[in-house]
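Structure provided below as structure tokens; questions to follow.
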Amino acid sequence: MIKVGIVGGTGYTGVELLRLLAGHPEVSLEVITSRSEAGMAVSELFPNLRGHVDLAFTVPDVELLASCDVVFFATPHTVAMALVPELIQRGTRVIDLSADFRLKDVALWEQWYNTPHTCPKLIEQAVYGLPEVNREQIKTAQLIAVPGCYPTATQLGFLPLIESNIIDVDHLIADTKSGVSGAGRKAAIGTLLTESSENMKAYAVAGHRHLPEIEQGLTMAAGKEVNLTFVPHLTPMIRGIHATLYGRLNQDVDLQSLFEQRYANEPFVDVLPAGSHPETRSVRGSNTCRIAVHQPQGSNTVVVLSAIDNLVKGASGQAIQNMNIMFGFEETTAINHIATLP
Amino acid sequence: MIKVGIVGGTGYTGVELLRLLAGHPEVSLEVITSRSEAGMAVSELFPNLRGHVDLAFTVPDVELLASCDVVFFATPHTVAMALVPELIQRGTRVIDLSADFRLKDVALWEQWYNTPHTCPKLIEQAVYGLPEVNREQIKTAQLIAVPGCYPTATQLGFLPLIESNIIDVDHLIADTKSGVSGAGRKAAIGTLLTESSENMKAYAVAGHRHLPEIEQGLTMAAGKEVNLTFVPHLTPMIRGIHATLYGRLNQDVDLQSLFEQRYANEPFVDVLPAGSHPETRSVRGSNTCRIAVHQPQGSNTVVVLSAIDNLVKGASGQAIQNMNIMFGFEETTAINHIATLP
Amino acid sequence: MIKVGIVGGTGYTGVELLRLLAGHPEVSLEVITSRSEAGMAVSELFPNLRGHVDLAFTVPDVELLASCDVVFFATPHTVAMALVPELIQRGTRVIDLSADFRLKDVALWEQWYNTPHTCPKLIEQAVYGLPEVNREQIKTAQLIAVPGCYPTATQLGFLPLIESNIIDVDHLIADTKSGVSGAGRKAAIGTLLTESSENMKAYAVAGHRHLPEIEQGLTMAAGKEVNLTFVPHLTPMIRGIHATLYGRLNQDVDLQSLFEQRYANEPFVDVLPAGSHPETRSVRGSNTCRIAVHQPQGSNTVVVLSAIDNLVKGASGQAIQNMNIMFGFEETTAINHIATLP
Amino acid sequence: MIKVGIVGGTGYTGVELLRLLAGHPEVSLEVITSRSEAGMAVSELFPNLRGHVDLAFTVPDVELLASCDVVFFATPHTVAMALVPELIQRGTRVIDLSADFRLKDVALWEQWYNTPHTCPKLIEQAVYGLPEVNREQIKTAQLIAVPGCYPTATQLGFLPLIESNIIDVDHLIADTKSGVSGAGRKAAIGTLLTESSENMKAYAVAGHRHLPEIEQGLTMAAGKEVNLTFVPHLTPMIRGIHATLYGRLNQDVDLQSLFEQRYANEPFVDVLPAGSHPETRSVRGSNTCRIAVHQPQGSNTVVVLSAIDNLVKGASGQAIQNMNIMFGFEETTAINHIATLP
């Protein structure tokens, strides 16, 4: 039984952490913080938790957080980097769902997030929490940077191709589609039902903060710099990311085998049979990434389809997967839900 | 460990039974039948089950079904009544999610379902599987008639008022709203996304098959005949039933206490604090019924709001709740999921 | 050709006025105001208007507004009552889509809107703009209070029954369902797609501001006080109101004929054939109210189904209908669109 | 005033033709056929047409159709090619919304549609009805093949780049997203709301019938063979196509000017300001195609975003645009609607 704290529990990744951790047999939820909602029962804000989670939000208290074995940050960027150093120093392990420790290049981080990074030395120490790449380092990590939602779906789709050095990494394309929960739980006009349902649009084509994160991961896999065109789209649904990935093959390979072998031992990556089309609903509420690979019309363009639930494998589920690995629990504990369909 | 069979596994209540039963520690799924899809892996039809359920559909085989401890029927009406007698005779217990054994009055059944009932003598023996009313009889039942979705939400909302004899039972009104999954998984124009999204409509105002079922249950609770106006509506969402119930009070009572006391020991009925409005999403994927009671503007009209997931508490979850009671398992086993929100 | 101004053009009733007025052959759009967006082209905020409306938002200017023949207020309550007196005094006619002049009883208004009414003497002069009731007074009105969305659907449904004195007006029930656009175009969490899609809930059961407005209209029709239980619901769609109305008949009448005769000459009320169920999508984007009347199971409870588009017949379309009547144009000019289906 | 007939009026392109043609001042709707619904009023099937269209469906009658000036075919493929020859011979002009006459290469058509073409000699005569390319030939055409929905959005997006010979036409990519109405009005499980809402998926990645149509159009524009990877996706909305197009630039050009100049005189193509993201809702119900062009991160990959309403510019609106050109009417007549937003 480990003691767990959550900083920033009023957003969608916060409630999703609660939904999943409430069923974890090795976890004791000790504290969940929110400055704005301090004193309110979490089940008042999130009525689905009635009868399952008895905690109330509290103002962040370093003593209390430091008494936990692990603290999750489900906060906007810049919050974690202010609190994490003290927690790490006092021996509490940290799993940060925000972007604060994802980029290894501090200057690049400061450019994309447009603010100084106040804790650059922890960046080096932080482990990028994509278990399919970094499982060994995760086991002993003190600080995990949980990958973003688009980066998870996109990297898992491209990795087999890039690691085996069979595509042109100078001209990768990721056409990605996200449900609206990716924008978080905050009052805004653009994500009202009236504005975002019955609608499809691209956004941030000029540049999205997940671009450098994806390029960093793919560059590591390639062993050389990659170049990605990344076009995200807002899709009229609550949950789900569908990444459609394009690259140019430089040799003829059995793609289906390549993918199946790469992920043969991964509990949360499911390579579909040849010819399949993964649906986001098939992973809704679950921690699975479902992938299919195509080579249409016999051309040398490969098309990878990759689907995840942005709040689970793209955030809170993956965060718990990291926790399970860090503390030696069965990796699938509490995140082995079957997607609800329909 | 009990052996479980499912007849008719290709519909939405079938896949929901599989999703829930796959996590039941006391259940061994032995067989799932479908004439049309015999030979196909269930995970091919329902990709959310990949990695969780290994069964394939088979043609119904009475021997195999009779070797089970319990068989669920997730079939259209008239299928169960053809197969159930033999299973019952051979000692297999049956939980029927269809309408075949819900109405005690055979003539009434035949009138509303417009076909002869081929198995009237089992009707008497069948127990109406609403645990909040019939828990004791369920324990020893051989044959359970699982309530319909509207009847579950409506009866749970009206029961405290009727059992305590404080409303005029001659003029009850149930204005109910259902998600589209209530119409089942079958090719039809009216439930296409193009026809049923961005739309609200009433249907079957002249008469819906759930009307006599609700009236039967409320009549039993009242000890005298009740009269209900029942207006169902099709709502543009996948899951969920919201019943808005109206009645005229004949005395002044503390309604909040009445409801809280009635359901104090019920694991799956949650009476919300005074002034609340239950949301269907707060029960999506879960077996809970959330209820609030109002008396607006101090008039003598009481308004009850009752929300369930039509596929869980309104069908498959309630069916498993019955199974748990029948076999002496903890009543909440495998159906204690937290609703996924958002 | 008349000169038209709009105060408050950044909300949904504002853009809907623009969409409809842009096609009106007798209207010259002179000015559209918005303090917050002054200087921005309206087509930048509402890209559907690109190529159709060339105006930019301006700060409200009384001189400019007073030079118009008619000014629409598409503003939150309390804005109109501050500006209208001067416009009226200078001879400009006003069509107010807000609630400022809907209630004749000032004290009641102040109680429900929780603020003093600064312009009570214009209340008396204001004409309630429901053409099906007040067409004659509208012709010569200086100031129109456009009915709310729920009040339009509900009154049109109840009027034939109440005017003919055949139902018990002490126990009327209106169970109403609205699309999310009824909440307006403002940043809020509750109406995000993530919160309001895949969900159904009642709200404001204790009391909604449209309740006194409806009771006022029905009381006038009845010639005596009426009592209404009004339960609004938020429905996961952009546009549309479906009102399901219940009353107890005190005599036996041919309801179908009653409704058809009442609305025989109304261009925007369509009584459907007996047994029908109006769908909100059948009026989406159009100014029509479609109505059906039922008497289920031969009981004495009458059920009326009434569907409108909340932004058209429930707001901007009805406002223009009033304008057409006021200025002697063909009543259907510019608001005779066919609903887009699917 | 011209006489107009419609063959196959029960699908979504049929009802959309009726919605638009009902407002055309130069059109007299003479006949609308449907074998399955003969005798039924069209407004019974499509209640939005009540009060606007008085026709009833009739069995196809060549005499009656031949008496029209123009006949629209809103039918599945192979229907038009059986009837068109006789109509053409008798001097009736034909606008075919189906795929029968879109491909100039008969063998290619037979390969993709998997059936013999019974009317190959009319293929040569048919004019591909994309006004932005073929306006002159449309004026005198006897037979128009209306482009498909994906081909319209995709070609309009690629044309400026290809006509100016600035991209590598061997490696074009079209990642396209369609609303569910693209699948037509037919009973099917895959397009039920329960299956297709809250979901995103690619489909037909191996090969879609619109691929050869697009390649044909782009090949003509390029003057040499092009190669396209075409990946369509099903998006949870009723209407709308969003095409996201990728190509590799072979020179440095002012893309914004290029697009603006190409479409400067086109009434239905709107090039958005630099940096924009067109939304499908901004063209919902309208005949406009809105386009934006991007060159993200200064790479040589160009990204074009192109949005249409699949039932209007992608089908019935474009069909009427062709009719207007053929008969010398103002090109925008009856199809100049403003999109309904929200």
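By written order: A, B, C and D. Residues from 1 in each chain.
Just so we're on the same page, a residue touches a chain if its C-beta (ideal position, glycine included) is under 8 Å from a C-beta of that chain, and two chains touch if they have at least 3 such contacts.
No experiment lies behind these values; they were computed from the predicted model shown.
A.B. asks: In terms of residue-numbered contact pairs, which of A-D, A-C or C-D coincides with B-D for over half of them?
C.D. replies: Repeat of the B-D interface: A-C.
A.B. asks: Of the other chains, whose C-alpha centre is the longest way from the centre of subunit B?
C.D. replies: Between subunit B and every other chain, the largest centroid distance is to D.
A.B. asks: If you tally the C-beta contacts, which comes out ahead, B-C or A-C?
C.D. replies: More contacting C-beta pairs are found at B-C.
A.B. asks: Determine the centre-to-centre distance between subunit A and subunit B, using the mean Cα coordinates as centres, and give it in whole Å.
C.D. replies: 36
A.B. asks: Please work out the Cα centroid separation of subunit B and subunit C, and write it as a whole number of Å.
C.D. replies: 39
A.B. asks: List the centre-to-centre spacing of subunit A and subunit C in whole Å, with centres computed as mean CA coordinates.
C.D. replies: Spacing between the chain centres: roughly 45 Å.
A.B. asks: Would you mind listing the residues of subunit D that make contact with two or more other chains?
C.D. replies: 12, 181, 185, 194-195, 197-198, 236-239, 278-279, 281, 284, 342
A.B. asks: Taking the touch rule as given, give the residues of subunit A at its contact with subunit C in the complex, in rising order.
C.D. replies: 12, 180-181, 183, 185-189, 191-198, 236-238
A.B. asks: Would you mind writing out the residues of subunit B in touch with subunit A in their complex?
C.D. replies: Contacts found on subunit B: 12, 15, 19, 22-23, 46-52, 181, 185, 198, 238-239, 270, 272, 278-279, 281-286, 288, 290, 311, 337-342.
A.B. asks: Which residues of subunit B touch subunit C once you look at their complex with the stated criterion?
C.D. replies: Listed in rising order, the residues are 171, 173, 175, 177, 179, 194-195, 197-203, 205-207, 211, 227, 229-231, 233, 235-240, 242, 244, 246, 248, 275, 277-281, 284, 294, 296-297, 299, 301, 303, 305, 307, 342.
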